[in-house]
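Before anything else, here is the set of structures, which you'll find just below.
Shared between the two complexes below is chain A, which has chain B as its partner in the first and chain C in the second.
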Partner chain A sequence: MTQNIVKPEKKKRKLYLIPTYFLVICYVIFLGFPFLWMFATSFKTPYELLQLNQSLFPEGFYLQNYVDILEKRGLINSAKNSLVIAVCTTVLTTILAVPAGYAIARLRKIFSGAATGWILISQVFPVSLIIIPLFMAVRRVGLLDSIWGLVLVYLVAALPFALWMLKGYVSAIPIDLEEAGAMDGLSSFQILRYIVFPLLVPGIVATALFTFLNSWNEFFFALVLIQSPESETLPLTLARFMGSEGQVLLGPLAAGAFLATIPSLLVFGIMQKKLASGLLSGAVKG
Partner chain B sequence: MKRVKLLALMSACAMLATVAVAIPAKANSIEMTYLTPAYLKGTVATTERIVADWNKANPNATVKIVYGDVNNMDDKLTTAFIGNVAPDIFQHEAASILPFSKQGYLADLSKEMRPIKSSMPIGLWNVGSYKAKLYGVPTMTQTYSVFANVDAFKKAGVPIPVGTNTFTWDDYRELAKKFTTDGKYGLAWGLRSPAAMSMIMGMNYNAKFFRGLTSSGGANLSVGAAELEVPSRIHQMIYTDKSIDPASLTMTGAGPIPGFLAGKYAMIFAATYIAGDLDVAAKASGFNWTALPLLKGVTNQQGANPQTLSVSAQSKHKKQAAAFIRFMVQDKNLAELALGEGLTPSTSGSLKIAQETKKGSAGWKQILDDGDALALAPFTLVPGYQKWKDTVLQPAMQQYIQGKITIAELKKRQLDGWKSIR
Partner chain C sequence: MSTVVNKRRRRANAGKMYNRGAWKYAVPVFIPLVLLSVVPLVQAIWTAFTDQVAGFNVEIKFIGLENFRRLLTDTMFWASFRIGIIWAVSVTLLALVLGFGLALLLNQKLRFLGLMRVLSLVPWAMPPVIVAIMWSLLLRPTSGPVDQIFSTLRIPGAGTDWLGNFNTAFPTVILIGAWVAMPIITVSILAAIQGIPSEMIEASIIDGANAWQRFRYITVPAVRAITTALVALNIIWQFGSFGLVFVLTAGGPGGKTFVPALFAYNEAFKYGNFGYAASMGVVMALAILLMLGVYLKASKREDVQR
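So, the complex of A and B:
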């Protein structure tokens, strides 16, 4: 009898899932199509790329685009620089932003308001306004044309938003949990270590991903602060496939862009599980 | 025996002398940086070959290539100059180096380049100069041309215009109309950024735009019939003749190439840099293209904004840097560089080599034969011209081409815009 009641419900649920899956598939195709197009383009010959009616699939596997970017345009060195910069910026931003974000969220309202106001103000200035003073400052500390100079600049640029994000995540953790921990005899550090930090993981991951992707893709600061080819980052190398008046070396650019996308996809793939898991699940049960 | 001893002594002395010369030379060796926006495969290879040749011949004054992004050269150079870390030598374009010349960031090359002055048109030389001092050595220039599908012309039985100073705007309009049949457009014209082109082509009708360049009060913008002639003709071709594919109007200069190769249009109007792509198609599929003579209004002159080579005033090795530029603009080098970019080389010797190299291509022959029509565009010398062109003329022209404003409104916006910039 029970089975008879459950079965139609299950069927009904499955029917509801069909349009959901359909929409998800459409969305994935929508998101994935440019990537597929870029991948296909990276194997096309210069002549194929001049055709009016572009086919999705290349006529053959023209590998010269990859040979050009890997052998002659220093893409590997640029990728290495970008990776070092993005990882270091992400790690440093996270280390600094987690305690600072906690402090801003939990400290008295006056301090918190002033700090968040200051963060917002720092975001107001346009890049064109700060670029020359920033350039002079980086030069004065001897970090011009150095990937460590870029790490410093990206760290400063990423911190306000990271703090803003983490403050929001910390505020969402009920203070009751910390008080309960204190009642159970936990020290402040233990409260942070065993209660706050595990619940903050999705926020930290989101902030880290945001910082990583921003550092990985950043162009303008790198353009101004990096002078030598040895210190170039990926966006700078890729920009060199574009000429004036809309001219583009599409094949090598697509090959370079495809390779440049892989690390960020991998990082996102590894970290995205942490984004969804654990957020307050079962934390406060009545 | 004595002779052997003498020879041995002489050899020993020679070796010692060599070592003595070599050691300080090595100790005094310098490395200069050369910033270039070169990005095309052929140009990059040529640049690297030239630099390698120079380094081989000058081991004590070597050059290191630094590649820049052509779309951000101004930002890169501005910060480099302010930060005192400018490259010794750099390639840019004449109109863009003018502010740097005025601010004293560039070295005067007049004396160093005197040997090559007679080998290039005086108009080009002047474009790279400011107050009679040469700050940028003109290397190569693009012209705006009409490119034709030779097979389409043959099929229609229409003779292809040839010669120089023979092909008028009226002829052009008639040709475009002739090929506009059966739902096909005769012409495609990538007009996404029409400002620079319309000013450069305006010289066909003696458009000056700015007057009083040397007056103490600064230049004044003047927009009259001559300045509005080219925009007006383009508008007529789009809306009266309907001979330009409207889909091409929002494309970049190179945007209509695929349609041109597919036989969708008999002609396209573009800068000569597209010749490289047309060569690719000619080689791969036998596509038969040519360039028509430069358009003529009152004259066939076009304003030149050549690529230039400059030496930074901050460079500690100005003489060696100037020597490198002289090496770079040697006829063979310059011809190879210019052909790689689809541009016309600036010196007479390099032009001859380029013409010889491309003598089998009717299109290239036409492009290179028309090099004499390049002249100094006076508006490039006006302070604030770039800003006015990019922020006022560009959007106004785009709206006019899209049929959103009238010619009177176009004129008004240009004049009002200049007032607000001055």
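So, the complex of A and C:
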């Protein structure tokens, strides 16, 4: 009897797994194939790359592409620039945005409304047009063609969204906790330091991650503001491999693209737990 | 009774106290923001009312609404504007459907879950310029791997120049746009799904709810708020972005993928008409605010009806 009941259910479960795994395979191909192809290409010899009917997998591990891009093309220098820029931007954004996000969340309606309204406007105006006045402003402070000018620009570009995310995370913290602190005689800084900050850590991590990735990947501002090769960022250097005449240095480009993806993947790996707790969850509660 | 009043008063006082204190935390952020965000933004908007063109020592005249009057009859811009709206909405919806589906799969107990999790983030980990270059190489006719796979498996469509063909260019770019936009959506929706208390699901199973009912009455309401935020954000981001289109098709073929952000960029940096380009920016910002207003109001109304 029991067998009779269990069996069809099991069968049904199995049947339902077929379309599920079919979907899984589709997603894996759609998401993974481009990356896999890039990775495989980075190990192919120039001769292999000239062949018309290439197999996906390289014939061997040809490392010259990596040597080529690291040594000859200044990729190490631009990777260093990108890393310095991304880390500085992230640290500065966090230091500035955490207290300010707190202030926006806890200030009277009229101020927080004005701040939110401005954040929204700064997001909807096309970046391509802000670049003209921004270019002038960066030139005025003498930071054109410098990585510090880029840090400044990325900081300003990152702040609105960081503020918005953090405002949401702060709003999710019950105000009663702070009131209790105030009644126990804590100063407003102590409330921020000992009550709000510990609860805000996941939100801060998510915001920092977001800021880091955006500045690591950014291309357009760098293209406009950086001219000399010494100050180039990683995306700029890699984009040059596309070649102005349409000829592509495919092997080194693939190697560079793979290397450029590693730091972000590492960041994801470290923060996977935090990522799962909701990157934008703070933004919803705002 | 009096304790309640007291408590309330005390609460109000305490609230005021650190409301006043909160002010100073916004000060450090204020200076860089005003100098490098508010000022350029106001300048850009102001430019829309002038005849500014590229070059040094050019006299700038205030011309009122002249740019906007000219823009009103600029059929090229409005064609591009239409493409921009289709672009933003299609990329957002496609990425939402694909991301939601992936989040549901990632929430199941399946094999290869770890691999899927990493893969779901790969598009986000790659610098967008690289993504664009990579896809244009993947999709090259005859020598590109996609075309080789299509012709090997005899899938119809082999030999198509996906990014150069009049009919396929725009859908292809939209698909790539969705590929890029998926990770944030997937991660956020997955987090919302995993935030559903397991007791709730167990209770619904005991009550005899089937998979579809559980999806409809538990999962969908749980992800509603984040979905609204994701749609709004993505529409903002996509409407103002042109990096992908810039590298993949440069607006072609025949203007089929000529999004308005690229249109305004060309107007400013190719032809040097800063004032006219800025007026396009203002119109785009207003349009997106209007769209967002309508969308957020509609989703709020839906919430109330529930």
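Definition applied: the second predicted complex is superposed on the first by the 211 of 286 C-alpha atoms of A that agree within 3 Å, B and C clash if a C-alpha of one lies under 4 Å from a C-alpha of the other, contacts with A are read in each partner's own complex, and residues count from 1 in each chain.
Here is the rule we go by: a residue touches a chain if its C-beta (ideal position, glycine included) is under 8 Å from a C-beta of that chain, and two chains touch if they have at least 3 such contacts.
These numbers were taken from a predicted model, which means no experiment stands behind them.
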item	value
Touched partner set for A:D68, first chain B, second chain C, both or neither	first
Partner chain in contact with A:R139 - chain B first, chain C second, else both or neither	first
Touching partner for A:P126 - first (chain B), second (chain C), both, neither	second
Touched partner set for A:A103, first chain B, second chain C, both or neither	second
Between chain B and chain C, more extensive residue contact with chain A	C
Which superposed partner A:V153 touches (first chain B, second chain C, both, neither)	second
Partner chain in contact with A:F268 - chain B first, chain C second, else both or neither	second
Which superposed partner A:R240 touches (first chain B, second chain C, both, neither)	first
Partner chain in contact with A:L250 - chain B first, chain C second, else both or neither	second
Intersection of chain A interface sets (partners chain B, chain C)	52-53, 132, 136, 220, 239, 241-242
Touching residues (chain side chain A, partner chain C) in the complex	20-21, 23-24, 27-28, 30-32, 34-35, 37-38, 52-54, 56, 96-97, 99-100, 102-104, 106-108, 115, 118, 120-130, 132-134, 136-137, 152-153, 155-156, 159-160, 163, 175, 178-179, 182-183, 187-189, 191-192, 213, 216-217, 219-220, 234-235, 238-239, 241-242, 248, 250, 253, 257, 260-261, 264-265, 268, 272, 275-281, 283-284
Chain B - residues contacting chain A, complex	33, 37, 39-41, 44, 65-72, 75-76, 78-80, 82-83, 85, 87, 190, 192-193, 251-255, 257-259, 261-262, 264, 271, 273, 277, 280-281, 284-285
Contact set on chain C toward chain A in their complex	10-11, 14-15, 17-19, 21-26, 28-30, 32-33, 35-41, 43-45, 47, 101-102, 105, 108, 110, 112, 115-130, 133-135, 137-138, 142-143, 145, 148, 179, 182, 184, 187-188, 190-192, 194-195, 225-226, 228-230, 233, 236, 239-243, 260-262, 264-265, 268, 274, 277-278, 280-282, 284-285, 288-289, 292
For the chain A and chain B complex, residues of the former touching the latter	45-47, 50-53, 68, 72, 131-132, 135-136, 139, 144-145, 220, 223-224, 227-229, 236, 239-247, 249
